[in-house]
Amino acid sequence: MLHEDRLFPLENKARDLARALYTTVRDLPIISPHGHTDPRWYAENEAFPDPAQLFVTPDHYVFRMLCSQGIPLESLGVPRIDGGPTETDGRKIWRLFAENYHLFRATPSRLWLDHSFEHVFGLTERLSARTADMYYDHIADCLAKPEFRPRALYERFNIEAISTTESALDELKWHEMLRQSGWKGKVVTAYRPDSVVDPEFEGFAANIERFGELAGTDATTWDGYLEAHRNRRAFFKGYGATSSDHGHATARTEDLPKADAAALFAKALKGDCTPQEADAFRGHMLTEMARMSLDDGLVLQIHPGSYRNHSAEVMARHGRDKGFDIPTRTDYVRALKPLLDAVGMRKELTVIAFTLDETSYSRELAPLAGAYPALKLGPAWWFFDSTEGMRRYRETTTETAGFYNTVGFNDDTRAFCSIPARHDVSRRVDCAYLATLVADGRLAEDEAHEVAHDLAYRLVKEAYRL
Amino acid sequence: MLHEDRLFPLENKARDLARALYTTVRDLPIISPHGHTDPRWYAENEAFPDPAQLFVTPDHYVFRMLCSQGIPLESLGVPRIDGGPTETDGRKIWRLFAENYHLFRATPSRLWLDHSFEHVFGLTERLSARTADMYYDHIADCLAKPEFRPRALYERFNIEAISTTESALDELKWHEMLRQSGWKGKVVTAYRPDSVVDPEFEGFAANIERFGELAGTDATTWDGYLEAHRNRRAFFKGYGATSSDHGHATARTEDLPKADAAALFAKALKGDCTPQEADAFRGHMLTEMARMSLDDGLVLQIHPGSYRNHSAEVMARHGRDKGFDIPTRTDYVRALKPLLDAVGMRKELTVIAFTLDETSYSRELAPLAGAYPALKLGPAWWFFDSTEGMRRYRETTTETAGFYNTVGFNDDTRAFCSIPARHDVSRRVDCAYLATLVADGRLAEDEAHEVAHDLAYRLVKEAYRL
Amino acid sequence: MLHEDRLFPLENKARDLARALYTTVRDLPIISPHGHTDPRWYAENEAFPDPAQLFVTPDHYVFRMLCSQGIPLESLGVPRIDGGPTETDGRKIWRLFAENYHLFRATPSRLWLDHSFEHVFGLTERLSARTADMYYDHIADCLAKPEFRPRALYERFNIEAISTTESALDELKWHEMLRQSGWKGKVVTAYRPDSVVDPEFEGFAANIERFGELAGTDATTWDGYLEAHRNRRAFFKGYGATSSDHGHATARTEDLPKADAAALFAKALKGDCTPQEADAFRGHMLTEMARMSLDDGLVLQIHPGSYRNHSAEVMARHGRDKGFDIPTRTDYVRALKPLLDAVGMRKELTVIAFTLDETSYSRELAPLAGAYPALKLGPAWWFFDSTEGMRRYRETTTETAGFYNTVGFNDDTRAFCSIPARHDVSRRVDCAYLATLVADGRLAEDEAHEVAHDLAYRLVKEAYRL
């Protein structure tokens, strides 16, 4: 199913060179510094459930595409908030998926799925209505075997380190269980404090209450609140965390005087913030987090620009994260200035900015990352985590920011089997880009070899301190 | 004049494959679901006037480029509002055009013109000052012959169906004459209600008066007004309409409570709307139209984002639509939410969104069309209805929306002879794109053949129900 | 070090054609109509100082990239405002640069530097820690020779004409000295009135005072102020100026009634303008400048969209223009309308608009330049003055604006040795683009040859009247 030279340039010399470069990075270990796999998988090491539960029901790339063509989410097993009926027969879900597999033509999902089918499960005929049952049976058989359990796959995928993401309110019990288990895999957590940083988060005041309990401080005062963050960050570091992660609607940052920040926090606790004040508070907390990073060394990740849960109907029926997060135009130049004025020139700090607005690559993010020592540019993300998206990322950032203000690849996924596929796509696209640069005289061949290794392995390892 | 392999990839294997794909779609009938040819042409079937009247004076792509280099619109025969003198000698206009034909190098106009000259008129030497008279005489001779009359060309162009666009206030007399004629060509109308939906349209109140007369209702009440739309839509459907078309300045939609909408309508009738209220009313009417579409099956087309008639001087001297419509930055994420919340999950509805802001393809429109069942993505439009524009359209939408949330090609033209040329460009660019996907391993060859047919024929036929 | 066919297409036929086109334009004289070389160089014709002072310390492309990786600007010899210590040993600076030369991989700086090293200094081994001293010694030796003095290099670079840029308050003494010298080189000035047009400029009122003295008018009245501009423009024309240059934060223009403009000017003189009023005044002055251009024939250049001196810390420590100017989203459609309504249809006027926001090329600037006779589109600028940037410029503007609403290339540099390198990149990228158009049938070969010459030489010469 998979073309040996996929994603490589078409011209022979560049293709040969891309292949040569790829050969040297293909088997490097995977470092996955930002993602959403479930730590419970590694902790319990149970078998994955049926093929539909592995590939369809949890993957919003997959079910949103089916939904866009009129297939109800219920028929794909996506749970309803009201507990109403949804399809539970994995085989029926799988057949529906297989009958509509043509919808994924030329999408990254298709590349990832085919890669998983072929590399993880040894399937070599294309998925279709005709092969649906054969696929289902074969994958189900595999999943029952020990070598398809999470830890075995982790090892087979050649993962050197992987980060999960947990709420600041999480007790990290799976990470604790994992540690106790003695297994050698390196599964670390990341500190995601949205629920205690965003005044508009459901149950903010109660969250702060709980936050203080977990941290052993009175988190309802400004000083106590900051102390609680410090404590929780240290707790997360104890489970390997090397980064914090922040998914705000915009890239806005603020650096408010202490009294103003404390006053906003007090209003937030009372639920009295206007939307503008809530936004200012979130923005200020990014700068506070950056200051804490100067002390504790956590890398600060900013993931802005998504209009979350765009469909009121889908949100009401199925809840958050159902494929209806839509990118919006995002400003970085004015938004990041307060944070950058506060800490942007500190080379010991690493702030990694991502974007869902491609237009900011060449215009804003590459110029910023190409100037401020603290700022690095995260990889092509989400809808751009694709062949064309990755190619455009390199073409629009490299000339201004170079390679060395970027940080390798993030798979950012909860689809476990797609991890090697995604890293493979990234490595191929980067090698194709480098080969093109060599072929038209913009980079020397020996340099391309060094850069290929940097992009596949060294930069991510160093940037995330993994 | 025309390169046999034009617009195909340069690399040999991809080029061969592009040619093979193109061969299978080259001769498929043309479905033109959205355009501005004059129904009178088909109804009366008179000879087209002189070459300048056919190729220069009515084509704003052509005369705006000449204007941009300092050639007065008057000298190209573009009428003046004050009735002042303009060039009437077709041969003089033609010579001016021919002398400046180099201005069109590497533009889509050049591709379309050369295609028309060679395929429609059999001319094989390039247009220039030297060949101007030869061209003029030859085309003029052709136009006098029966086989160059509109119906003959329609048949020769292998058009299966074509849509014109008429105002909601149009009596469709040419369509009626056409029907009476017994000619077999399929020329349908489309419902364009801007003059009775936009409170800022010249003569809005009088338009509503006339609208009610035509519809046989009292259109000055809110209920009567909606009823008038329903009646006129049904009337248009009687002349083959399968779509409505809406050209607003922005993509704004609203879904107002009935009382609010009725109140805005009453203000609009009195001419009391503020610009904000007029905008809200237009936005609300898109949602009303979508609701009517659920009943009568018309496809809803939204064409936003043009700053119309940008030059005050050209508007004052020559009026609307003189090549000075300039694209602007356009938001879709917030703008379309009210309509999508109202009807976006209804798979029996088809809303087709177009854009003149390329940046919205990957960031907004592909993610929206790749999630909502009702939303489809219209083709590259207007300034992007070009080789590079179409290529970027596929490269920035396919990975997120796939092929099957797109709807084939629209020529959107009033330049009759350019219709086969434009569809040819579209088919070539799509085949080139598909061939590249196959060549670098992102699509299987059998799939590419199926998709090529889908993009050239099936998707447009199905989406527009033609 | 330099690949003979660098930047050409990879496919053989297109590459051969690109090379053939390039061969015909490679040796054409350089016309550099917009730049920031120092007129003193040509006037005094002294030797350039050491290699670090030539290549590192004055080049913000170079030192911002080093800074972004944590290398302090002080260690690169960038002066401090407080006079604090900075590195003064050229060899130490050079070594630091050489050790970090890998940071420039695949950036335009690398292409320019390698070109300078090889073509100007005859170096053929790559710069690195190992070769740093050899480079330093060799370049230093060269700089001591007469054939490396500014005038000799000007001649060796085959420059036909070059423009510097001077403030409206400059007395042009170096230009005067140059004139007296009898040297045949054509070094002209350009009129840059930001300090007397921007009410927010440091010392605006004092600047106006001085402006009046220089112009021999009372510049504190509105009429006197305009008269002063006319006089200074004439003075600059006396030193060869054919253009004015305006670097505003946005592209805003206004065309205010005289009384309003005069009132704003009076407020500006008193320091009473709000930021909005200051912006309106700047915008109005662009239209005044355009009206003066109708009289005196100077070309009006608009360079908007940069957030200047983004880092408060760098601004405080090192001052302006230290690599922290960051592009922002820029609107042209509404912004330019007042100016275009006033003078946009005047074909005897040339207004050249530049952008740092690539998204405006296809959406706004190409449609505007493809309609208004007065408006031309400046080349890819600053961060886009690069292989990919230039390629995207052609791909996104040509189909709408054609070639003939563009104005060739600007190097816009103060890095003297990079001038031939930059023009070489521009010529190669344009030839590569043209070759691709020919190879895939969008342009005839004879036309490509003509256009190649136009883009490299004729258009810039004509647009800038040089």
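So that you can tell them apart, the chains are marked A, B and C in the order they are listed, and the count of residues begins at 1 in each.
Criterion: contacts are C-beta pairs under 8 Å (C-beta built on N, C-alpha and C of every residue); 3 or more make two chains touch, one makes a residue touch a chain.
The UniProt protein names, listed by chain, are A, B, C = Uronate isomerase.
All figures in this text were calculated on a predicted structure; none of them were measured in a lab.
Shared residue numbers account for under half of those found at the interface formed by chain A (Uronate isomerase) and chain B (Uronate isomerase), and the copies are therefore classed as meeting with different residues.
Rounded to a multiple of 5, the C-alpha superposition of chain B (Uronate isomerase) onto chain C (Uronate isomerase) involves a rotation of 120 degrees. Between chain A (Uronate isomerase) and chain B (Uronate isomerase), the centres computed from C-alpha atoms are 40 Å apart. Looking at chain C (Uronate isomerase), one finds that residues 9, 11, 329, 359 touch two or more other chains.
If you check the complex, the residues on chain C (Uronate isomerase) that touch chain B (Uronate isomerase) are 9, 11, 13-14, 329, 331, 333-334, 337, 340-341, 344-345, 347, 359, 362-364, 366-373, 375, 395-396, 398-405, 436-437, 439-444, 447, 450-451. Of all residues in chain A (Uronate isomerase), only 2-11, 64-65, 67-70, 102-108, 110-111, 126, 307, 310-314, 323-324, 326-329, 356-359, 383-384, 386-389 touch chain B (Uronate isomerase) in the complex they form.
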